[in-house]
Amino acid sequence: MMRIGMLTSGGDCQSLNATMRGVAKTLYNSMGDVEIIGFEEGYKGLMYADYRIMKSSDFSGILTEGGTILGTSRQPFKLMRQPDEQGRDKVEMMKHTYHRLRLDCLVVLGGNGSQKTANLLSQEGLNVIGLPKTIDNDLWGTDMTFGFQSAVNIATNAIDCIHTTAASHGRVFIVEIMGHKVGWLTLHAGLAGGADIILLPEIPYDINVVADAIKKRAKAGKRFSILAVAEGAISKENAALSKKEQKKLQQNNPYPSIAYEVGARINELTGQEVRVTVPGHMQRGGAPCPYDRVLSTRLGAAAGKMIMDGKYGYLVGIRNNEIVNVPLADVAGKLKMVSPDCDMIKEAKLVGISFGDE
Amino acid sequence: MMRIGMLTSGGDCQSLNATMRGVAKTLYNSMGDVEIIGFEEGYKGLMYADYRIMKSSDFSGILTEGGTILGTSRQPFKLMRQPDEQGRDKVEMMKHTYHRLRLDCLVVLGGNGSQKTANLLSQEGLNVIGLPKTIDNDLWGTDMTFGFQSAVNIATNAIDCIHTTAASHGRVFIVEIMGHKVGWLTLHAGLAGGADIILLPEIPYDINVVADAIKKRAKAGKRFSILAVAEGAISKENAALSKKEQKKLQQNNPYPSIAYEVGARINELTGQEVRVTVPGHMQRGGAPCPYDRVLSTRLGAAAGKMIMDGKYGYLVGIRNNEIVNVPLADVAGKLKMVSPDCDMIKEAKLVGISFGDE
Amino acid sequence: MMRIGMLTSGGDCQSLNATMRGVAKTLYNSMGDVEIIGFEEGYKGLMYADYRIMKSSDFSGILTEGGTILGTSRQPFKLMRQPDEQGRDKVEMMKHTYHRLRLDCLVVLGGNGSQKTANLLSQEGLNVIGLPKTIDNDLWGTDMTFGFQSAVNIATNAIDCIHTTAASHGRVFIVEIMGHKVGWLTLHAGLAGGADIILLPEIPYDINVVADAIKKRAKAGKRFSILAVAEGAISKENAALSKKEQKKLQQNNPYPSIAYEVGARINELTGQEVRVTVPGHMQRGGAPCPYDRVLSTRLGAAAGKMIMDGKYGYLVGIRNNEIVNVPLADVAGKLKMVSPDCDMIKEAKLVGISFGDE
Amino acid sequence: MMRIGMLTSGGDCQSLNATMRGVAKTLYNSMGDVEIIGFEEGYKGLMYADYRIMKSSDFSGILTEGGTILGTSRQPFKLMRQPDEQGRDKVEMMKHTYHRLRLDCLVVLGGNGSQKTANLLSQEGLNVIGLPKTIDNDLWGTDMTFGFQSAVNIATNAIDCIHTTAASHGRVFIVEIMGHKVGWLTLHAGLAGGADIILLPEIPYDINVVADAIKKRAKAGKRFSILAVAEGAISKENAALSKKEQKKLQQNNPYPSIAYEVGARINELTGQEVRVTVPGHMQRGGAPCPYDRVLSTRLGAAAGKMIMDGKYGYLVGIRNNEIVNVPLADVAGKLKMVSPDCDMIKEAKLVGISFGDE
């Protein structure tokens, strides 16, 4: 009999359950004898041996369910061989659970940080398979992560709702979209929602350029402007500072988040009324969209196949619409960012979207 | 030939276009000879004679469109016979436009403040018909306003999205829902979204009662709690203050809005992690839901019929699923609030929802 | 300890789970000692003692879930004291189960037929409470049934989708909407979707009037017409026949359903291309809309309260937005139909909708 | 000044307007002097010089609108140099209009047939650019067509709705999904909706295999089975016939469509109750999903850029998430079909989906 451990780690997102269902259905269908062990709340469950033995029926009817049936937690610690409160080595604790339960493999659904840990465990000799979870789509080695398109739908819907109210009142509206380091979600939702200005972490903005774009629209008779602003959008001045100076600035920042700051500056520079909307955690929630369910089922099935083939140490990704295996070592610690001169940015500029940079 | 003026006033909401379409289709279908004049941006358009002559085709295809094709504005002035910048009496300015354009009637789509002005104009001798617009459902004299159910859908969807993420992470989540004075929207969305605790302007809360409800849930093994909090939710202490003291308190308030304040207190009292979501203006936007489209079409048709019958000075409302005419004088200045001991509150308490009051 | 039986009967619809949750939460919250017994697949489960003892957690997380956790079945028999295959009296079988399980009350979620049976059982001395389930909204004694607004949303969405394709191609489109005897669903969805022609079971149509309405639209430059047609729509000729003659006609009918028949006639009479869409059972499925969830929670809570008060023999309904109790004897065997001269029909005609009758 | 002709051809789909907006915004933003001529109802408008001169504002606010502002028509003729009723050569008529209007380029939004004609015109010396429109995703040379993901969403939603009702009643449900020759839409929606059996045109089915899969599920205690069946699904027996024999069979077929036929056979072979749902033209309608809006904006911008660069004779497609130009001659007459042994089919089989073939 094979024994497979499974956990979901990091901020939750849509399609975690659909992915686990894909793995589980493949294993139950194809192998006579398999047991799946679900760890509670991510790596914490693996460390403290907090788990339950899953039944086939646990994976029934969850294709369309948001969240994760296993629970998740952000890793509340740097895992690199740092001790827990009792002074025990965390990595050793996880290895201990793995070996004590006689697992044949550990399946990790997680984003950047979680795959880094997955790689660490793999290097320690555990059989690990990673699955690319994140609404940010910033995992290296895969064209797409599950959760991303569902989040794009919610963020776009926020812009759509704002569109009608902006048009009726003739105001500037800012929708703040998740993404501290990476702007894919904002870029896609901004394009899909017809935002006039898009501010991304990867393209520092000049607030005067932003204000000019708004004024130009007003002059052309457009009653409103809509900005899609990533949480991690940054001005050129601030981007030029050292990380330390940035942190200090952040601490004295009177605004709850960047959208409010940008809004205040626009109001100063253009005199126009500005409203801010922050859909926030909504972007991680709700049922996965059909796109994600297809992606998750494919990735899950592929992971199941790899387990049957004994192929470990990889992240299962998708490239050019085909499943690929990327060594966890290649994935760990890398981010897939928006390049300021990539095709998509150029195309967005062609249709008249300003990124506040020129 | 009849000449009908039309305007949309106050904060925008869903189904304004559907309602205007109902009026227009009725008039165009039933009267040979009618002209509809649309004023831009609410009463401002009426004051400054900023209008356009509508065509039948202007009302085609707008049944499902959010916003308002006429634009709207909050009344940026107290209208009661106060002068504008040029010292002219605003009411006189509006009467002047009405008479100069030889209008037979003015149709006003608006909420509380706007219907008050409608009543004023009616008392000044203009033929006025009011239509009940607001996501707050707080207009006196009608069971339901258009925009309300659409807003309930959006606010509920916000709670739905939060639900899955709350369940995955085991946190307290607060969703702030529109409504400064009246809690209908929060009450309906809270019930529909399965919120555990609902805080309304009409039922001052005791933060200790709120915290206890959360702790009790945690003790019962529930990993999360969801609060639906109206913008105008108020604590018992603050509710006991005079308006003046409340205002002062407000000015020194470090929190961007009530949800953040409640969140901070809950974190203090329970030690649980709290997240706040503010869907904000999204609640006014997007396409009207089918319920609102039916209501708007019915109200619009009834208003058209009243114009044909020369019946003026009324708000067109709905009671017990039948169209009613309520004298504008009865509507003006009244608010339909949630009574703390109404059936719906009792039913909500029966299923275990806490209102923080006992 | 109290022991409450519960069953869902007839065609399924949205919000069955939300309603059961309302009852259950109220009972668990308010009474120390209660046991809920769920019968499988409606009255069949009661007859054959096919049941399970429910846990509090069974009712958790089902507020937004479509379908019914208990399963349902159409009553595959006339219940009025007819014997089953073994020759046993069905009513006696149900009474037997009720008494053997020492139930204090039986809660029946069902439509017309099911409430008739509920009344029968009530007259036989059982404590019965009915809850108004149906997408048809045709139950007598309540303004609204749960499931109805959710079905309106789906049927309207079908018309919305068709609208864009109809406009692009310039065709006549027919959307067939559920409702064999009663037209509420078609009427609401037709109004909400902006249908040009609405055909209801209660208003027999003249196909020439229908064709003329389409031709008139074409002449006025409209490229398309959309018809919302109830499953039970009937022509004036057929409505004039005896039930027996109607049945015979039905048996020789070459069309799969009425929409295809109307479509063929329109094509003959106008020469226009016609397309038919039949959303069918989709209209019963999916998550309940927020409106239904509020209604269900209120009805469920009220039913729970009645159980605590020992008030039996009633359907729990809603009138003028307040919960009412209607004796089951008053409900049984009655249908709430669309009156051809009700306000809503008049209002629909005012905005130019044709019902094919004049 | 440049003069660009534009037309939408073939069955309509979502995101046609979004794509035209992308082209137009790019041209208006980047070139001082450009005029866009819109032909009405596809190639018919080009043949008969039925067109209008577009304004910049015509392309405003249409990003989210379904259908096409230009209208469309299926090509009601084989275009290969066949005469129209007046005996004139159709291709010559189109060339005549193109030259008379002094067009610099013709932009064709269309599917397979339409791109074949685009290629023909290109070979006749016109400057033509094609854009890949179809809900079928069967255009050769591009990974994705616009309209496809929106249609996947609608078809999946149909399965989702059916799921709850199927589970409640314990029946076999068949959802018929668009696609006469190609199964991408059915494959994606089937996977996303959690269908148990998927029948595609590319994989002829054995009805006994289908029935066995259903019986096996029933034996395993599953109360229901859901089939996603493409319009063009075909049995092994029929697939073995000649085209002529197939056509003859088709003409004598008593079933309105394949889903009904499959349903009847399943009922015979398993004895289970079967219900059929045909969402039909709904799948082409409604607002484009965010994915499609992003894709359309990118494709449109790229087409605009090609016009500025004078690069003609290509279909603008997307491969590996980058815009590509594919010679129209390569696209014309080819279909991108589902290969029975592609990865996605294998992955679907791994999670237990039957394709009725083995």
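Order of writing sets the chain letters: A, B, C and D. Residues in each chain are counted from 1.
In this section, contacts are C-beta pairs under 8 Å (C-beta built on N, C-alpha and C of every residue); 3 or more make two chains touch, one makes a residue touch a chain.
Everything numeric in this text was worked out from a predicted model, so none of it was measured.
Tell me which chains count as touching both chain C and chain D.
Intersection of chain C and chain D contact lists gives nothing.
In whole angstrom, what separates the CA-based centres of chain A and chain D?
Each chain reduced to its C-alpha mean, chain A and chain D end up 31 Å apart.
So what's the Cα centroid distance for chain A and chain C, whole Å?
42
CA centre of chain A versus CA centre of chain B: separation in Å?
Each chain reduced to its C-alpha mean, chain A and chain B end up 35 Å apart.
In chain A, what residues contact two or more other chains?
Only 160 qualify.
Please give all chain pairs that are in touch with each other.
Result for touching pairs of chains: A-B, A-D, B-C, C-D.
Taking the complex as given, what residues does chain A use to touch chain B?
Going through chain A, the ones touching chain B are 8, 11-12, 14, 16, 41, 65-68, 71-73, 154, 157-158, 160-165, 167-170, 173, 223, 256, 260, 275-286.
Going by the contact rule at the top, pick out the chain C residues touching chain B in the complex.
21-22, 25-26, 29-30, 63-64, 143, 149, 152-153, 156, 160, 188-189, 191-194, 289-291, 293-294, 297-298, 300-302, 304-305, 319-323, 343-344, 347-348, 350-352
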